[in-house]
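Two complexes follow with chain A in common, the first pairing it with chain B and the second with chain C.
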Partner chain A sequence: MNIEGKKAIWSEYQKEIADDNYFYVRSCIRQNFFPGSEVAFLKIMREELHKDVYEHPCHTTCSGIGYHGDVVPVETAMTVVARQFALMTEAGYQNYIPSCITSFGLYTEVLETWHHFPEVEKKVREQLWKATKREFVIPKNLAHASDIIFKFRKEISAKAKFKLVNKNTGEPLKVVDHIGCHYAKMFPSKGIGGAEYPYVLAGMVEEWGGKVIDYPERRHCCGFGFRQYLIQANRGFSIACSKEKFKSMQPFEPDMIITNCPGCPMFLDRWQYVINEMEGKRYGKNGEGIPVFTYEEVAGLVLGYNPWDLGLQMHQTDCEPVLDKIGIEYDPEEKHNTSIYNEKTGVHGFVNV
Partner chain B sequence: MENYHDLLMQDIRFEEGLNACMNCGVCTAICPAAEFYNYDPRQIVDIVQSGDNNEIEKLLKSETIWYCGECMSCKTRCPRGNAPGLVIMALRGLSQDLGFFVESEKGRQQLAIKRTVGESILNTGYCVYLDGIKPELHPEQGPNWEWVYNNRSELLDRLGGNYKGDGPGILRKIPEESLEELKRIFEVTGGNKRYDRIEFYSRKKAEELDLELGEGTDNEYFKHIYKTNNGSHTK
Partner chain C sequence: MNKHIVVIGGGTAGMEAAGQLAQAGFAVSLVEKEKETGGHLNDWYKLFPDRRNSSEVRDYLKNKVSSKNIEILTGTYIEKLHSNKDGFLLSTRDGTELKADAIVVATGFDLFKSSRKEEYGYGIYDNVITSKDLEAMFSKGEITLNNGNSPKMIGFVHCVGSRDEKVGNFYCSKLCCVTAVKQAIEVREHLPESRVFCFYMDMRMGGAHYEELYREAQEAWGVNFIRGKVSEISESINNKLVVKIEDTLAGRPLKIELDMMVLMAGMEMSEGGSKIAEQTGLKTGENRFFSPEDHHYANNISNIKGIFYAGTCTAPMNITETISHARSAVSEVINYFNNSRA
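Up next is the complex of A and B:
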C-alpha cells in the first residue's frame, strides 16, 4: 500500500482545530430544546479539559434560520455575522466556535464568499461600521463545537465512567450518526471527513466504545427544511424525510441515534412520536422508539453526569432504554419532579462560569 | 418588463451558485424535496440559465421555487460545482423584492416566516425563543413539551440556564443595546426593506382575497397562509 498516496487522498478530509482559547456562540435551537447540552459542553471544556472558553453576553442569533427562511437578505445576514466577529475581536479571541450547524454553515458560507469576492467583505465592513461603529478581524480558526469534542474525544475517554457498551452482553451499542446537512454538504473541506466520510460523530462513538451503523439513508436530511417545518402546512415534508431515515435504519436495529445539529435531534425525536400517533409504528427493536441524543449528552453520559442534569427529561422519546443498557443509574422520580429540581438548583453553578 | 436574469446577477449567491449547468439531473436525484414534491431543481436551473425572461417571471410567481428545503445536498453532488440551492435562494429573494411571491400558495407563506422568525430576531435577538413555542401551536412536539413549557423556569434553573437573566448564559435576555445594533444593521443592509415589502404585498393580497390581516399572528390571513395546503404540491 502506498501510504503517502493514502495520506494525500485523506488530507482533504482533515481539518485544523484550535487547541484552546475559544470564543463560543450559542445556538437558538439548542438553547430552547437542549439547554443541558450547552451547559454540558461548557462544563466538559472548562472543568474536565481545563480550556479557556469565553461567551460574550452581547452576542445574538446569527440570523441563520431567517436567512434560510429567505426573509433575511444575504447582506443583512453577513453583517450580523460580522458583528459577532467584532465581539470576538474586541474580546481578544481568534478561535470561533458556534454551537449550531446552521450557524457553522452560514459562517463558512460568509467567509468563503468574502474570500472569493473581497469587494463584498469591504462593503460589509462599511455597513457594520455605519450601523454599529464596530470592526472585526476574520477568525483564525472556525470549528463547530462538535469538532472540539471530536478533537478531545480521547481525553474524554480517559476520564469516562461508562462506555457505549451493553453491560449485559458486552457488545458495543449500535449507533446511528446524523451529522446535519450544513456541517459539510456545502463546503466538504470544512468538516471532519468531508461530506462523503463525515467522521466527527463516528469518531466519538468508536472512541467511546460504540459501533456506528452504516445504512442507506445515512446522509439524508432530517427534514427540517426551514420553511418546510416553520409553516404548519408544509410539515408533511419534514416528517416524510425523518420517516425515510427511520425505515432505512430499522433493519440494522440501532440502540440509539447521535446528532450534530441542534435541530436534527428535535425532529428525529418528535417525529417518532408523531408517526407512532398517526400509524402506531415505532422503528426500534421490539417495537420501542429509538432514543435520540446530542453529542454533548452522549459525552456527558460517558463522563457519568446525571441524565436529568443533562436535560434528557426534555426528550419525547424516552432515553431510559439506553441508560439501562449501559448501566447508568438514575432516579425515575427525579425525572419530572420539579420540587426535587428546586433542591438541586444551583448544584451545577455552571452559569457565568 | 425588467430583465430578471440581470437582476438575479446582482445577487452574489446567483454568481456563486451557477456556472454552466449541463443538465445531468444529479441535483434532482439527490434532492429530498424532489422525493416529496412535484419538484425538479434541474429544470429550474435550466430555465434560469436559458435567460428566457417570460419563463423566469413564471418561475418567480410559481409554487416550485418554494419547495426546496435548502439542505444543499445538490451543492455536494453537482459535477460542475453549481449550487441549485443558492440559485433558489436568489430566486426567492427576487420574488419577494418584486412582490411576485404572493401569487403562489407557498410563496404567500413568507409573511408567516417574517412575522414569527423574522420579528423574533429583532425583538428578542433569537430566531426562536421558548415563550413563543406554545404547545397548542405545536402538537407535533408531543405531551412532554407541554410539561417542559409549563415548567420552563424551574427546568432551566435546574439545568444551569440563565432564563431572561442578565449576563451570558442560556436564554439570557439580550441587552437592549445589542437589539438596537441588530435593528440598525437591518436598516443599513436592506433587511427592513425586505420585511416592509413582504408586509406591503401581503396586505394587497389579503385585500384581493378578502381576508382580514391585522397585526401579529391572530388574524384570518395569517392563519390562512400558515395552515392552507391545497394538496396539489406532492406526487
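Up next is the complex of A and C:
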C-alpha cells in the first residue's frame, strides 16, 4: 500500500473548522450508550483547551434517526433543524457542533438543500415562525465534534500523559478507525479526508502514537444501519454486518477500535459480546475481544483521565487489555463501584469527569 | 499555395492532418507539447481489433510528417492565440511566434485520472493499475505484480471515468470495452494459467471486428465477463485485492479476491484543449470536448472562422475514425481557402 496516495487524497479533503465559541448539541443516544464521552469532550474543550462551548437546555433531538428510519418526513426534519439553529442564534453563537454523526449528516444535508433550493429554506422559515415564532441565522461553521478534536489533536498530544504505544514492545498500537456512515459518505467534501479514506480519526491515532489498520471491510457499516436494527425483524442483518467487519479485521490483530458515531461503538462493542455468547468466538489476538472506544474516550485516556470516570466500565468488551498495553493504571475494584456519588453531576458510580 | 497552417497537437490527428496539408502544398507548423510526436500511440503496444503493433501506425504517421513543408516544434505548446485581419498570430511557450492563415486544433484527449475514482484505490493499492500501465507491461514483455510475481487472477473494470455521473462524465468513451477485450486476450496469451474477469456495464462493441474479438475472448481464451459495476477495492493482509461487485445478471453481490485489477480509463477533453477553448472562445459541449458547428455535416468546423478541428478533441474516436476525421478537416481547410478566394 502506498501511503503517499492516501496523503494526496487527504490533502484534497480539508475543511474549515472554527477556532472557538461553539454551540454544542448532544446526541439522543450517546449518553445512554457511552455516558462519559460527551462529558469528556466538554472537559477537554473547556479545561484543557480553554474554549468556549455552550449547551442550550432546550435542545431536542434533530430527528435524524426518525428521518433515516423513514418515519419523519424531510420537511419536519428540516423544521426541527431550523429550531436548533434558532436556539444557536438566540444564544449568540455561529459555530454549530453536533455530537452525533447522523445529526451532522442531517444538518449538512439540510444546509446543502437550502443552498441549492432557497425556496425550501424560505418555506421552512415560515413553518418555524408559525410553529414557534423563532428565527435563525445559518451557522457560519458546521463541524462534527470529532472534527474539533482532530483540529486540536496536536494540542492534546502536547498535554498527553500516555501514547497509543505498547509499553512492553514500544510498538504503536494497531488501531481500526471506524467512521460513521453519515459523516462523509453523503457529502465527501464535508469530511476530513473525504469518504473513501477518511482521516478524521486516523489523524488522531497517528498524532497520539498509534498506527491505523487498513482492512478490507473498513467501509462496511458497523451493523447499526437504522433499518437493520430499529426494525426488529432485520436485527440478524445487524449482527451479520458487524461479524463481517470483525472477520475482516481479525488477521491484522488490532489492539483496539476507535469510532466517531453514536451507534458504531455500541454495535461493535455489544455484538462482540453477543457473538461470543452465541458462538464462543472472539476476534482479538489471543482469544480476547477487541476493545471499542469513542474518540473522546481515547482522548481522555491519552490525557490521563481515570478510565472509570470516562465510563469505560459500560463497555461490554473489556477495555483492560488496552489499558494494560498502554500502561494506564486503574483500580479494578472501582470499576463497578456505585457507592461513589458526584455532587456536581448527580451521578452515582461513574462518569465523574 | 502560399498559405501557412498551424496544427496544434502532434498525435494521430495532428500528424495525419499536417501530412495531408503538406501533400496539398501548404506550409505547416506542427506544435506538440511532448518531446516526441505520436501522442497516446506512444503508450500503446498493440492496437485493437487486429492486435497489430502500434509502431506500424506510428511509422506511417512519422513518414507522413517527414515532408519538407512541415516544421515540427516539439516540447512546447501554444501560449497565446490571437486573430487579426490577416489571420492568426500564435506564440509558443518558448517565445516562437507563428503566423497562420488557418489553424487545425488537434489537441486530442487526456486519459481519465483513475485516482479520481477513489473507491478503486489507484495510487494507493500497488496492484491496481490502468490500461495504460498494462500496455507498458506488454511492451516490456512481462506482466508482474509489485512484488515481481506473476498474477494469477486478473480483473478489468470497464467505464472508469465514463458514463459516470459522479465524476461528471455522462458520455461513453467508446474504446474502453474493446481495449479491455484486447488486453484480456493478451493477458491470457502471456499468462496461460491466469484467470481473467471483465466487469462491465454494457459491452459496446460498435466497431468493425469488435464483436468477433469479444466472441474470441470468451470462446478461445475463456475470459469471464460479469455484468456489474465494481463498488470498491481494498487490500487483504496478504496483499490480495478484495473486490466487491454487484452481478446484475445473477442479481446478487459478489466478493472476489484478485491479484491485479486493471482500470479501463476513459477519455476526457485534454487540458491543453481546455486552455485553448478558454483563451479563444472556441465552443465546448456538455462533455467539455470542442463542439463543432454541426455534428452531422460540419464536424470539423469551429465557431471561429479559420479554425478547424481534427480528431478526439471533439469526441472519443478510435484511430481509424481519427485519421478519417483529420483528413476531412484538411478538406474543410482547402474549401475554406477556395471559398475565400472566390
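By definition in this document, the second predicted complex is superposed on the first by the 327 of 353 C-alpha atoms of A that agree within 3 Å, B and C clash if a C-alpha of one lies under 4 Å from a C-alpha of the other, contacts with A are read in each partner's own complex, and residues count from 1 in each chain.
Note that in this section a residue touches a chain if its C-beta (ideal position, glycine included) is under 8 Å from a C-beta of that chain, and two chains touch if they have at least 3 such contacts.
Keep in mind it's a predicted model, so treat the numbers as computed, not measured.
Residue contacts after overlaying the shared chain place A:G170 against neither chain B nor chain C. Contact with chain B, but none with chain C, is seen for A:N234 once the two complexes are overlaid on the shared chain.
In the superposition on chain A, contact of A:H315 is made with chain B only, not with chain C.
Using the contact criterion defined above for the overlaid structures, shared-chain residue A:P332 touches neither chain B nor chain C, since it reaches no partner. In the superposed three-chain model, the partner touching more residues of chain A is B, compared with the other of chain B and chain C. By the touch criterion defined above, A:G280 lies against neither chain B nor chain C after alignment on the C-alpha atoms of chain A.
Shared contact residues of chain A, touching chain B in one structure and chain C in the other: 195, 219. Listing the residues of chain C that touch chain A in their complex gives 115, 118-119, 121-126, 232, 234-237, 242. Within the complex formed with chain C, the residues of chain A that make contact are 1-2, 4-6, 8-9, 194-197, 214-219, 251-252.
Listing the residues of chain A that touch chain B in their complex gives 26, 28-29, 31-32, 35-36, 38-39, 55-61, 63-66, 68-76, 78-80, 83, 105, 113, 116-117, 120, 127-128, 130-132, 134, 181-182, 184-186, 188, 195, 219-221, 223-228, 230-237, 239-241, 244, 270-271, 273-274, 308-309, 311, 313-316, 336, 338, 341-342, 344-346, 348-352. Against chain A, in their complex, chain B makes its touches with residues 11-13, 15-16, 32-33, 35-37, 66, 68-73, 75-76, 83, 89, 92-93, 96, 106, 109-110, 112-114, 116-118, 121, 125-130, 133, 137, 140-145, 147-148, 151, 154-162, 165-172, 174-175, 177-179, 181-182, 184-191, 194-195, 198, 225-229, 234.
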